[in-house]
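By letter and in written order, the chains are A, B, C and D; residue numbering begins at 1 in each of them.
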Amino acid sequence: MNVKRKFKVLGTRPVRPDGVEKVTGKALFGADTYATGMLHARILRSPHAHARIVSIDTSAAEALAGVKAVITSADFGEVDSEMTRDTMHNCMANGVALYDGHAVAAVAAISKSVAAAALKLIKVEYETLPHVTDVDAAMQPDAPVLHANRQHRSVVAGTPGNVVYYCDFGHGDVDAGFAAADKVIERTFKTAATHQGYIEPHACLANVGSDGKADLWCSTQGHYNVRLICAEIMGMDESQLRVTASEIGGGFGGKTTVFIEPVALALSRKAGKPVKLVMSRDEVFRASGPTMSASMDIKIGMNADGKITAGHAKLRYQGGAFPYQMVMMGAMSAFATYDLEHVRAEGWDVMTNRPKMISYRAPGAPMAVYAVESVIGELAAEFDLDPIDVRILNASREGTKSSYGPTFKAIGLVESLEAAKAHPHYSAPLGANQGRGVSCGFWFNFGGQVSVSMAINADGTVNLIEGNPDIGGSRASISMMAAEELGIPYEKIKTIIGDTASVGFSDVTDGSRVTFAVGIATINAAKAAKAEMCKRAAKTWGIDVDAVEWIDGAVHPTGHNAGEFPPLSLAEIAANSGRTGGPIAGHHEGAPDKAGVSFGVHLVDTEVDPETGFTTVKRYTVFQDVGKAIHPSYVEGQMQGGAVQGIGWALNEEYIYGEDGRLQNAGFLDYRIPVASDLPMIDTVIIEVPNPGHPFGVRGCGETAIVPPLAAVGAAVCAAAGVRLFELPMSPPKIMAAIDAKK
Amino acid sequence: MSKIHVSTEINGDQVEFLCETDETLLDVLRDQLGLTGAKEGCGTGDCGACSVTVDGRLVCSCLVLGAEVEGSAVTTIEGMADGDALHPLQRHLLEGAALQCGICTPGVLVAAKALLDKNPDPSEEELRYWLAGNLCRCTGYDKIIRSVMTAAAEMRGEKS
Amino acid sequence: MVEVVIWGSLRRYTDDQSSVSVTGNTTKAVLDSLAKTYPGLAPIIEQGVSVAIDGEVFKDAWFTPISDNSEVVLMPLMVGG
Amino acid sequence: MRYVGVNSFADAVDLMGSEQGKCMILAGGTDVLVQLKLGLVEPDLLINIKAIPGVKEISVSSTEYRIGVAVSGAELGEDAGLKAEWPGIVEAMELIGSTQVQGRATLVGNLCNASPAADAVPALVSAAARVEILGPLGRRKINVKDVTIAPGKTSLAKDEIITAVCLPRQQKNSGDAYLRFIPRTEMDIAVASAAVNLILAQDGSVQSARVSLGAVAPTVLLVDDAAKALVGSKLDDAALEQLSMACSAACSPIDDRRGTIDFRTKTAGVLACRAAKIAFQRAGGSL
């Protein structure tokens, strides 16, 4: 490893390879393909939060001219794995509709209007059941239980049935730690469920042939995962189902599973024609995964000098209508930013009558860290200490035993905090009704399975195939790493995302893993290709392969042969490849680990209108350790985008349910994501503490940025408004209620 | 149900199509004319991904019926570049890394061009309000705003 | 022997010990002896776990070498966005 | 659904009268198309009135502005004379939706959608605007205030159609303003709103006032007590306090996904005071 090495390509900002298609409207996203003879599908969804499906009469819909297939859960078979069965039943209700928007039937017809008309002809008889949508209510002994006997063995006996998972992390003795503190603060927080809010609705085009082979085109973060799930649901061999990932119009974790793909496949199989299925925005909100809502108790002890003596978090997450295990991510993240002798984080995952949660950028972490950071901010204020100093004093660093167990290697939290403290933003004066907030954040980052195949073309260019959808410019960073390793210009590399039949398995694009893991595979594939080119050059010169080496895009003779032959460039070797042994390629399949955790610090100024509670974000700066920024513009973009999603979560985004258990804001009008005029520029400071686990020092950077904004904005709003709030979003009515209560 | 015959101009070409009465211009562009650059992010005028201009006016094509553009002139993202030469806005969004997933990009470009056609020298605030109806979930808007401002300066003949 | 740190909610399967000593020089070997010695852990391990070795997290990887003085922490299998 | 484009209001009235099913008018379409998309309405007949001569025009006489029913928000904002004379109305219209929506949305559409939260309506009410209506029995004019009778419901008969908005010429030493509260800076529906239209006396005090509120009752309110609070004052603190109290007292809002009763009630008063100050300065008053 040589992390100090000088790079030629890494750190530059070339135009992304898929850019021209995307600025000219030619790039093909999920809904942008059409097949000859294609049918249009629509899904009928439950209007009830919880209801037994007594009967479904599809005869009138089937009789409508132009309708080619109608399906219900009866059209799906049995599957062995519990997880896949839940996914299937989330795609199509099995006897019981578990949430408002749960699919109960689907049609495929010759046009959108016929499909819409057919939906109205399906008669579903429901018997409504009691429902629950709030996490604390769902944990009560008398709450309606969504699925009997689905509690994970971690759950303590006697716990109410909606609690499906329990976890407990930490070390030391928190009671002793609290006893030793000068001050202990205990607070309860609530955060709303938010949606990933990708602009592209779920979309797919399925084509099942009469021979049982199938093609599926879809917008996904992981087409191999789609293949895995769909093949099992459809009872197909994986080899018979070819899945192609379209360009993806945003995912943020929300496209790491399937919602409509099995439905389209089942319709296509029944109709014998290609079927296109596209969710409406309303369906996206009602029936694709939001993140968890949370109810949390946080207790932290601190000494007057700012040293934290102990921390204890109890996290209760609401994750919708099926069993899941996600609170552990929050419990492990909650105190990860601090070096604590006594720490404990417990978590409970709870089912409710809401759509099943799915990952959303650093899933589980933002709300837990919000709650912890809010209490730390309050304690710092209690002792009149600088909030950054308190965090530096307690910060995790190399050698810290983390709150979730392992000891940290080289990490960049202290560097990020010091950069924030030294930044002009931190000392800039504040105006009337303005406040400043700061928060740390953390995310694990993953490696995982990956496949890359690289062909060296005879003209000296390179084609690279990888298996992870490009969700934010990864073709550029992969091409850059290939160019760096091969020593050729970036423009000579063409990276594409292969379908499931063209390159080996790759895990889902999640865990901020793509630049890290595909990067390692790319470097290794390039190394394999270089080794072959060294062989070809050695053969050409008639010398031993050990007597050549690869320097800067060319093979050079070494040792006593040095200078004997002019070096052979990649292009020269490639040009003769047909004569020296055939095509040259390199490939790598692996499962790299050591992804390297990432820390960030956010600094924000807000202004709160004391008469209306309207919050304006005045200034925002993100500091984040990214290890090594391959393409700094896209790294900054991740930091900015994550910050703004966090701002939305903090201020206005929320799933709003009525007493009837129905979602009241299933659209962008009332699910309020930040718009351009809501925001200032988002300044970024990239910190580079290389990850010892990657040849270029790369750490994942995509997810960490959504973790700190909730508490940072929270602290800034509280300072500006002169009140304390313990609930997200801090919407104007809540801010005004707090201000009025203080009066 | 009988369809409506519509003659219109799209990106300078004379085009005829038949549409259902409730079919939106967005559906016509995408499903009938092969112009899939305009995207449906919401179908209710809240996201701007389907932005086009009709007779020079910026609109959401999901809020226009296909039948309404009889005799009009429509421009879409597909009409923005001059052959292989990208419009300065397209070039600057690319160079400024102002797109991550790229789904909002066509709408942003069409909307930004409509602004610069009307006001070649917008302030950052004017630009942010003009683009408030173009939702982007990836970028936090920072690089979009910077890139449009840079493109505008170049189009005004200012050196960057 | 390798000392393996167990997360809190699993300690009921390890006689309430926060760390246990087992044999093995790879993750697979260590996980196998964990499951054998503490049968309550077997279904958890079967479902999939991560193992942190000297501060680096390995996701379901069998052959990662472990030495007797390694810091080994059992962790849940994680997901991201 | 059948779709018909008409060339005269008379044709529209005939069609509406003879239609057995549900009939809707397409002007801007920014509400109608959304309702169609979401399946909230299923009209049998949709009548496009945009090709009727004059509907895209704004004309001005010595007594009034006449605004065509298909004039979009963007076009309204481009009429410099109207904007100078009735800035509150133009700004209210321009607050509706995005730039894209502004390319289509119309004053009359905003009015006939009959939402309690319609942005243009409080401003029109405070300006004492009227609409011209054509029906089988001929023409009539009514106050904008009397168009909406309940959420989603207007006082127009099934075969009546609004043919123009008539705005009086603004008097000397007068000014109007409209403000709304939304949680973001754009793209939301008003949680509460207030419009104020003032005429100042020679001495700079308020001679007459009209104050209207939106999103705080089933229909837009014209609050006489609020107007009284201002008359005779130069918007001193006491007058503003009274204005705020009168506005809040007039509110009878609902709790919903956009705001609480308490928040709407208080915010309406705050907005009325702020709008009053803007209107006062526009009328030439100094604070």
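One rule holds for everything that comes next: a contact is a pair of C-beta atoms (placed from the backbone, for glycine too) under 8 Å apart; a residue touches a chain by one contact, two chains touch by 3 or more.
Every value quoted in this text rests on a predicted model; they were computed, and no experiment measured them.
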Pair of chains whose C-beta contact count is the highest in the structure: A-B
Chain of greatest Cα-centre distance to subunit B: C
Inter-chain centre distance, subunit C versus subunit D - centres from mean C-alpha coordinates, in Å: 67
Where subunit A and subunit C are represented by their mean Cα positions, the distance between them in whole Å: 26
CA centroid of subunit B to CA centroid of subunit C, Å: 54
Gap in Å, rounded to a whole number, between the CA centres of subunit D and subunit A: 44
Interface hub residues of subunit C, defined as touching at least two other chains: none
Sequence positions of subunit D contacting 2 or more other chains: 37-38, 185-187
Residues within subunit A bordering two or more other chains: 196, 251-252, 280, 668-669, 674-675, 677-678
Touching pairs among all chains present in the structure: A-B, A-C, A-D, B-D
Complex interface listing, subunit D residues touching subunit B: 1-3, 5, 26, 29-30, 33-34, 36-38, 46, 48, 50, 72, 74, 97-101, 103-104, 185-187
Residues of subunit A touching subunit B in the complex: 13, 15-16, 18-20, 22-29, 31-32, 34, 111-113, 196-201, 247-252, 278, 280-281, 471-473, 631, 633-634, 636-638, 640-645, 667-669, 673-679, 681-682
List of subunit A residues in touch with subunit C within their complex: 153-154, 166-171, 196, 251-254, 256, 325-326, 328-329, 332, 344, 346, 359-363, 404-409, 443-448, 510-513, 591, 593-595, 693, 703
Partner subunit A, residues of subunit C touching it in the complex: 5, 7-11, 18, 43-44, 52, 54-59, 61, 64, 71, 73-76, 78-81
Touching residues (chain side subunit B, partner subunit D) in the complex: 4, 21-22, 24, 43-46, 48, 51, 54, 57-60, 62-65, 67-68, 111, 114-115, 129-134
